[in-house]
Every structure is written in C-alpha cells, then in structure tokens.
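Note that subunit A is present in both complexes that follow, paired respectively with subunit B and with subunit C.
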Partner chain A sequence: MAALTFNNVWKRYDQVEAVKNLNLDIRDGEFLCLLGPSGCGKSSSLRMIAGLEFISEGEISLGGQRINELEPRHRDIAMVFESYALYPQKTVYDNMANPLRLRKMSKDEIDRRVKETAAILEIERLLGRRPSQLSGGQKQRVAIGRCLVREPKAFLFDEPIAHLDAKLRARMRGELKHIQKTLGTTTVYVTHDQLEGMSMADRIAIMRDGVLQQVATPHEIFNRPANVWVATFIGDPPMNVLNAEVQTADGGLVARAPEYTIAIPDRQAAALSNARLTDGKVQIGIRPEALRLSQTPDAAHPIAGRIYAVQPLGDVEIVDVRVGDERILVKTELGTIQNEDIDVPVFMGYKPEKLYFFDAVTGEAVYE
Partner chain B sequence: MAVNTAARGTSAGVDPSGPNKPTPRRYLAPLLLPAVILLALLSIYPFVWLIYMSFNAVGLAPGAPNEFVGFDNWSRMFSDSQYWESWGILAKYSVVSMVLEVGLGTLLAILLNRSKHEKLLITILLMPMMMAPVVAGLLWQYLYNGTFGWYFWILRSLGLLDEGTILGSSDIALWAIVAVDVWEWTPLVALIVLSGLKLVPQDQMEASWMDGAGPVRSFFQVALPAIKGSLMIAILLRFMDNIRIIDHFIALTGGGPANSTKILPLYLYEQSFSFFELGYGASIALTLLLVTILFGKLVVNRFEEREENPAKKDEELV
Partner chain C sequence: MTNPRTATEAGSTEIQDDRAAVKDDDLVPGPAVDARDQVVRGRGSRIVGIAISTFLTLYVIWTLAPFYIMITSSFKAKGDAFSLPAEGDWGGAAEKLIAFTPTTQHYTDLFAQGEFERYFMNSLIAALSSAIISVVFGTTAAYAISRGRFRGKKDLYFWIISTRMAPVVAVTVPLYAIFKNFQLLNTLPALILAYTVFNLPFAIWILKGFFDAVSYEIEEAYMVDGHSRWQALWKIIPLVAPGLAAVVVLCVLLAWNDFIFAAVMGGEAAKTLPVATQGLKSASGIEWGQIMAAGMVTVAPMLLLGIVIRKYMVQGLTMGAVKQ
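Right after this comes the complex of A and B.
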C-alpha cells in the first residue's frame, strides 16, 4: 500500500495533449475516482500509473518513489481492464495464479492465495473453467481476482463494470467498494459514469480535455462545484444554467434576463461585485430538484414559462419548461401539475440559497 | 438440367423474405455439381490414371500398349537405395528450410510489427516472392558461381571455403539451396505471421505485463497462442511447397554433386522424363503424395483441435 502522486504530469501523443499538467495526490488507502467524458485524459492518466504509457513530462511517484522509468512488471501495481483481458487458453485458476507464478511463489502458497481470493469473490466453483465459459459478471470477478491475489501497492480499474448490465452494475458497485474498504489498498478507478464515481469514491477527480477540473469528495463536488462545467456534468438530470446580467436594483444586486429577474442573495452579492464579471454577464445554476412548480402565478413562483414536455419517472417526473429561448428542467413529484399539455403556462419558484452563480466567461463558480 | 436447377437455387437464395437464409439443402448438390465435375476432370482423373500407371510398364510410343506388371514397380522402389536416399535428402531439406523459414519469418514479423516503416518494408520483402523460382535459382547460381560469384568470393575470403566451389561440394550444396529457399520464402511466412500478430489482443498483452511478465514471457503467454493458427498455415504451406520442390535444384545443381542434392522430386523427374520409366515414376509420385496428405492432415487436425475449444456454458452465476 502506498500513496500515489502526479507532479506536473503531461501526456502528449504527437500533436494531441491528452493530459495537461496534472497535479494530484492520491492518499494511501484512498479510493479515488478519475471521472470525465471520453477523451478527457483519465485513461491516459491511469495508463501512465500502470506504465503502459510513457510519461511525456513530469513525475509520478508511488510510495514516495519515482516510477517513471520502471517497467510495468516492476511497479507492483495491479490493473483490471475494461475488457477483462483474461487469458482465453488458461483456466480461471491459472489466470489467477499467473501473477504469483511469475513471482516464483511456492505451489502451496499460490494454491492457498488463489483459493482464498476465490472465496472472497465467490468464484470457487468456477476455478476449473475457461473464460469462454463465463458470463460477463463472472469474467469481471476473475479479472479482479487476478489483481487481488497479488496484494499489490495499488489497484487500477479502467471502466471495469462498463460492459455489465445495469442491474449487475449496481450490485458490483457495492461489491467493489466493500472489497476496497476491506483491503484498504490505494485504488484509482476510471469511469465516465458519474453514478459510479459518486457512489464509490472517497474523492473524485474530474477531468475535461486533459485538464483537472476539481478534486473533492462526492458531496463537495455535488454541492460546491468548482465551475459551471463540473456543475452540469454531475447530477441527473443536469443542472439548469441560465444566462443573465448582473444589475443594481433597490440597493442590492439582481440577475436580469428578458423573461425574469432573480434577486441575488446578499452573501453572494458581495462576491459577485468583487468578482469582475465581463460585461456583468453571469450564469445562474439551479438543479432541477431545487425548483418548485405551480400552475398559478404567485410571488413564490416568479419565473413564467410554458410546458415543452413531461417525462414521468415512476414517483417523480421531469418537466421540461420553455422560458424565452431557454429550456429549464424541473424535477418534481408526480401530480404537481394537473394539465401536462404542451404550451400550458407554468410558474417556477426557487430557494435563493440553492442558486449557483458562475462567471459567464471563465465559468468559475462564485461563492460567498 | 443441372444448370437450370442451379439457377432456380440461386434465385431462392436471394429471396427478399430472408437475404441471410441458408440455401435449402436440396439445392446444395446441383449448385456444387459444376465445380465438382471440373475438379474431377482436372485432378481425380489424373490421380486414378497415376495409380493405373504405377501397376504398368507404360508404352512410350503413341498407341503403344501398356503392359500390366503387378507390383513390380512397387517392389523395385522399396529395394531401390537411391529412392530411400532421396527421401532422406528431401526430409533434411524440407525440415531444415521449414524450421528456418518459420523461425526467421516469425522473428521478422515481430520486427515488422514494431517498425514504423512497416508498409515500405513489406513491399521490399515481397520482391523475392514475386520471382519465379527458376529465375531465383539462376540468380543464385551467379552468386554461388565458382569464378565470379559473390558468395563464393566472400566464403573464400573469410577462409570458410578452403577448396572447391559452393555448389560443387557435396557437404554444402544442399545447404546452399536451403539458403535460396529461405531467402525466397521467409517473407511469405513473415507476412502470414504478421497478419496473426495483428490479432494479438493488446489488452491481454498489457495484462500479462501488469502480472509481471517480461517481453519473452508475455510473447509465449499471449502472442503465441494467438498466432498459432497463422503458424500452422505457414508450416503447412511451406511443407507442402518444399516437399515437391524441383525448380531450385534443377537450376542450381541438377542433383549433384554425387547425388548429394538428388531430392525425391528430382529423382522422380529423372526416372520419368530422362529414363522414361513412367510406371516407376508414378509409384514414386504416389508415395510422395501420400506423405504430403498425411502431414497435411496431421497439421489440419492439430489446428481444428485448437479451434474446437469446449464452450459449454453452465447456468450463469453472477
């Protein structure tokens, strides 16, 4: 077990910069999730830890030791691949024993470890089979087992459950988290699925276009996103972002758009007047679940719009509302509105403390 | 009649109701018949005729009768010491050149696979293969020539060849011809293996590195099982080619010196077309064919064993 550190790490493929100046400390025993859309550099970062990609610039260290020049086999890191990458001609037992045999471990010790690990993963009765005789979920367990037997310094997971069906994925999230917490091994987990990151990780590192956007606990990422991109990337359905202009009115600040005016709470007003917004342009973020909906206009529901579409989801529904040229999603309990026809007028209310403000040009969040 | 049925079979095959529907069984025979007839004329008839010839003293003049001689040709063959010697030389030749070609070809394929100039190098490597074997033989005869040959000169200069010429020494003439074959056909093996290397799963390769395997170990653990099929094809092709080779030998040595390069096909050629012992030649040809078929069957069986991995799926546990 060991801590992992990225120090000004760059990855370049010819003209493309896949990872740009990454600085990241992964603590000993931590479950860190690298999250981002495809092509954001998360896989490149992971593969640089593994030693499967050269580090173009900077340094990665494991347990305080620089590992840039070490070959993968000398890094003592285990990796689970998206495709599982099991050896098709070997049995499950031999697949799991392979890393131990390469370490010249005694036969008895190998046997003990493989069986122990198989018991943890509940794959004991599969040990004699070949990968072609396994289901996706079973293959995935064997791939994890091949990593567990080694007791390495760190685990790397590259989208390990992306190919499982939704039900199995939900179950494996719990299993993986349990295993990681039991063993306490430093783990880096790459995924594009925010649900996996939010539900499993101790901390999430969000990347976009090779640049690290924010590293924080899932709770903090959700509640205090660093910028508008992170804010809209996390959360389902995504956060609504409205464009407005900051103006002075009645001694305070308001954000004004053609269709509505939103009073800016005092605690954020100070920050906003200090933050030098370009042309006074601001983006207002509000999560769909923070909006209230009503079919009668009143002071508590000041933003007027018209229904664009309604998506029922069991106990809740997502109402897509058109306001001027913009569209706002509202997540509300089923039956909040009676008339769900298209173009029916609706009115939205919000709690001022649930509003986020972002610099419209830089996208940076403005907090009090 | 057969053509008519075949035409109807074809239109049924493109039935709009199901473009991927397999052709009904009753159409298979008429559809295959034309090809089967052609094949029969081209290869089965000569084959049967060959068997007939091996039991006869074949008359040479047009219309001359064949004389049935029973097993005479066959018994003569089994007591013919040159026949067995020729088998020995052929075995040495084909095994050594096959091993060299497959070994070097695999190595070459690995290097090509890593090279940035793969396409250019492949084009260059293909050149020897484009040459007719006889032309290649003649070319090498110049290189081996005892007066002005390059290789002759080099070997002499290095002191590796004390006396005589390359093709004139019964110790090394055979190996000189092996070199020609290796030169001409290693690139083909390399190409076949290269196509196999393209299919080596990169993720398994990486998993094996992560498991702690070095480059050699990961090659044997991941790459070799993946290119086994290509290797089998290369071995089969080269063996079947080498066992019936004659071009290089005619161009370079004609069987000499002192019969040291008289491989079986050359002996067969000599018996049939120099001494016109067509019946005897037929018996030799049949034994050659038999060995080719047996070896080919052996390789194909090994290949199929590998392909038919048991994939019985038990009930799924998740």
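Right after this comes the complex of A and C.
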C-alpha cells in the first residue's frame, strides 16, 4: 500500500503525445478512476506506473520513492490487462498461483489464497481449465483473480470488466469495490465507462487528448464539472449545451438566444461579468433531468420547442425537443406529455439554480 | 416362407423411407445438414473421388520409386543391379524389381574401406551446430525485432531476409576468400559458419512471425508478476515451440544436404556425406551399390528426424506461412 504521484509526466510515442504534463496525486488506499474516451492516454498512464512504458518526461513516485528507472518486477504492482493476458499454457490455478510462487510462499498459503480469490470471483469450477477453454468473461475474471491474490503496493486495472455482460458487470462493480475497500490497496482503475467511474471510485480523474481535465469525487465531477467538456462527458443522457449571449436587462444579466431568454441568477451574474467573456458569448448547460416539460405554455415553462423524438425507458422517457437550430434532451417521467407526435409544440421550464454557465471560447465553467 | 415380391416391396419402401428421412433432415439445421451433405457427395462426386485417388497413387509412386530403387539397389549384389531383362519381357522386368538375394556387402564396404563414419560425424556436427547456433541467435534476434520499437526496424528486418535471397554460389567465392584469410579453410567451423550465414536469417524470419503471434501483454503480465525480461522470454518459449521445431529441421536439412560449400571449403578434414558420396565415383568406375548405400545412410537420419518432429513441424510451417 502506498501513495502514487505523477509529477509533470509526459508520454510521447514518436509523433503522438499520449500524455501531456500529467500531475496527479493518488492517496494511499484510494480508489482512483482514470476516465476518458478512447485514445485519451489512460492506458499509457497506467502502463507507465507498471513500468511497461518509459516515462518520456517527468517523474512517477510510489510510496515516496521515484520509480522511473525501476524494472516492472521490482515495483510490486499487480495489473489486469485489457486483453486478459493469461498464460495460455497454464491452468487457471497456475495462472493465479504464478505471482505467488515467485514470492517463495508456502504451498498451503498459495493454495489457500488462490481458492479464496477464486471463490470471490466464482471461478472455482474453472481452476483446472486452460485459458483456451474459457469464455471471454471467465478469462477476465481469472485475470482479475491473478491480480487480487497478491498483496501489492497498488492494483492497476485496465478496463477489467469491459467484456462482461451487463448483469455480471453490475455485480463485478460491487465486488471490486468491496474487495478494494476490504484490502485498502491503492487502486488505479482505467475505464471509458462513466458508470464504472461514478459508482466505484473515491475520486475520478478525467482525461481528454492526453490532458487531465479534472480530478474530484464523483459527486463533485457531476455537480461541479470544471468545463463544458467534462459536463457533457459525465451524465447520461448528456447535459444540454445552448449557445447564447450575455446582455444586461432590467439591471440584471440575461442570456439571450433567438428563441428564448434565460435570466441569469444573481449569484452567477457577478462571476459572469467578472469572467470577461469574449463578445459576451456564453454556453448554458442544463442536465436533461433538470428540465420540466409541459404541453401548455405558461410562465414556468418559458422555452418553446417542438417534439423531435421520444424514447421511452421504462418508468422515464427521454424527449428530444427541437428549439430553433438546437436540440434539447429532456428526461421526464412517463406520461408527462399526452401527445407525443413529431412536431407537437412543447414548453420547457428549469430551476435557475440548476443552470451551468461556461465561457463559450475556453469552455471553462463559471461558478459564483 | 417369404414371398420374394413382398421382400422387394419391403426393400423399396425402405429406400423411400430413407429418402423421406433425408428430406426431413433438410429442415433440421446443424449436424443433419452434414449428413445430407455426405449423401450428396457419395452419389455425385464418385468420379472426382476416383480421379483424386488415381492422381495420389501416381504421385506416391512417382515420389517413392526412387527411394525404392535406392533401397533395393543398396542391398543388391553388383550383378543383380545391372542384369537387364530380355527385350519385351515385362514380367521379367517386374520380377527384377522385386526378386533378388539381399546382401549387406555395400554397407560393409562403405564403412570398412573408407572413413565413412568420420564423414557421417562431420555432417552431423556441421548440421547440428549450425542449427543450434541459428536457433539460439535466431530466437533472440527475432524476439528483439518482434518486440523492440526502434528506428529502422523494418529496414533491418528486410536486410536480414535479403541476405537469404543471394544465390549460394554468389556467396561461396567471397566466403572462400574470407575463410582463407582467417585460415579456416578445410575445417568444420568454416562449414558451420557458412551454413549459419544462410540459416540464421531464415530462423529470424520464421521465428519473428511466431513471436508476433504471441501477445506482448503475456510477457508484460509475467514481468508485472515479478519476472525479469529474460525470464519472461523463457516463459513464452513453449508458445513458439512449433516454430523452433520447424527451424531446427529446416536448418539441419540445409546443412545436411549441402554439397557446394562442403565441396569448396570442407576439404578432406571436413568432408561431409554428400561430398564423400560423390567421391565414390572414381577413375576406376562408379560404385553404384556403395553410392546407393551412402544415399541410404544420408537419408535415414533425416527421415527419422522428420518423423519425430513431424507434428510440430507441420503446425510450425503452416502457422509461419499464415503469419507472414
């Protein structure tokens, strides 16, 4: 168990800059999720911790000790690979026992640990099989097992449950979180699935194109995203982003678009005038679940639009509304609107405190 | 008492039942389709089947006839081997192929008169040494090329293969000059080096394909588990074993069957089987019996090697072929 620190770390492959000046402190015992779209440099970061990629620039330290030059085997780290990387010629048992045998552990101790871990992952029946006789999901669980049998300084997971079916994935999220909390081992978990990040991590680090966007608790990431990109990346369906212009009206500020005008709450007005937006251009963010829908126009539903499509999802539905050239998603309870035909007029309302404002040029969020 | 008519009727209904069964199978997916497939093949492609069998039979005769002649001739007394049947006496000709009094005279002559055992050992040492060197260095080089990320990798790889493209004769003369300078002429090391010149690029080429087929993450997993890089390489050797088997066989074959290098650079001190066999053709005449016996001695070990390692080799050669 140990804290893990990235200090101005860069990773370059010939022309590609995969990780750009990464600074990140992962606390002892923390479950940190590296989240980002495909190709943003998550695996590269993880592999630098494991010692499988050279660090182009900067420093990574583990437990206060610089590990840049340390061979992988001396780093005392366990890792689950994206492609399982099971040893094809070994049985599941031997796959899991391999790291323990290297550590000169007694036979009984190895046997106990392998069987314990196998029980947690429900792969006891598979211990005698070879990887070629396993399904993808089983392979993945064996790979996780090979990682969990050890007591390393840190666990590294590279999309460990991406290949499981939805049901098993939901269960494994719970299992992995439980195991991590029980063992208290520092964990870096790479995924592009925000649900995994939100549900398991103590903190999430969001990356985009090799640049760290924000590090915060899942709650904070969701409620106070650092910029418009993070805001739209987290949340399903994604946050609506509307383009508008900030203007003064009646002594306060309003955000004006051709189709609607949104009053800017006082607490954000000060920050917005201080933020010195370029040409007053602003982006307004509203989460689909923060919007109300009505089929009759009134003061509480000031934004008018027309239905583009309706997607029912069990007890809720997602209404896709066209407003001018823009489209707005509204998540609402089933039956809120009676007539769901295309092009039927609908009206949207919002709570002012649920609005987000972003600098339209830099994308930075503007908070009070 | 059975009425013959009923019997035929019963027979014909059976046939009809068969057809009905086949028709039913039509509707069932899976193995049943295979069954119908067989029925069709049995009826329709009989001619093709016969043609294939005929062709294969001819091919086997074509391939094995020289062996047969070599084997029988090596056991035939001199007179027997060259006695010709009367013209048009086909039966006699056939009989000559089969009926003779076997003698091991040629083999005893071969080993008693000359230094044939030494030549055999020379062949063996040259072939095995070159194969071992090629496998060891080929493995490490192929591993490096497969796993490494460095500038000019493709060019290096192509250059390695391209050395194999030069005709043997083109290399013989410069090698001769070099070996002369280093006073290696007429020694076994000269032959081993010469064979390695050809075997090593080949080994690298084949083995790189095999290493490419092994996911690098498997080694990475070993390293993270606590193995060194060398240990990780050692651990994945079983996964490229078919490639190693193929390389061993082909390297041994190249050296074992070589004539030109051994003839030019081997001299008496490093005379190998093919050169020695050629030496049996002297001014006093051609010792056909002994030549055939020598041929047997040359072929037998390779046959044995082939049988022992066959399973791996087929796997190895086909996999390598697909990979490239």
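As a convention for this text, the second predicted complex is superposed on the first by the 359 of 368 C-alpha atoms of A that agree within 3 Å, B and C clash if a C-alpha of one lies under 4 Å from a C-alpha of the other, contacts with A are read in each partner's own complex, and residues count from 1 in each chain.
What we mean here is this: contacts are C-beta pairs under 8 Å (C-beta built on N, C-alpha and C of every residue); 3 or more make two chains touch, one makes a residue touch a chain.
Just so we're clear, the structure is a prediction, and the values are computed from it rather than from any experiment.
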Overlay on subunit A: subunit C relative to subunit B, clash or fit: clash
First (subunit B), second (subunit C), both or neither touched by A:P72: both
Most subunit A residues touched (candidates subunit B, subunit C): B
Partner chain in contact with A:S83 - subunit B first, subunit C second, else both or neither: both
Touched partner set for A:Q138, first subunit B, second subunit C, both or neither: first
Contacts of A:P99 with subunit B and subunit C, given as first, second, both or neither: both
First, second, both or neither for A:I318, with subunit B first and subunit C second: neither
Partner chain in contact with A:A304 - subunit B first, subunit C second, else both or neither: neither
Overlap of subunit C and subunit B interfaces on subunit A (superposed complexes): 50-52, 71-73, 77-79, 81-83, 85-89, 98-99, 102-103, 146
Subunit A - residues contacting subunit B, complex: 50-52, 71-73, 77-79, 81-83, 85-89, 98-99, 102-103, 122, 125-126, 129-130, 132-133, 135, 137-138, 146, 168, 171
Touching residues (chain side subunit A, partner subunit C) in the complex: 50-52, 71-73, 75, 77-79, 81-89, 98-99, 102-103, 146
Residues of subunit C that touch subunit A when the two form their complex: 215, 217-218, 220-229, 235, 238-239
Contact footprint of subunit A on subunit B as seen in their complex: 201, 203-204, 206-214, 217, 221-222, 225, 309-314, 316-318
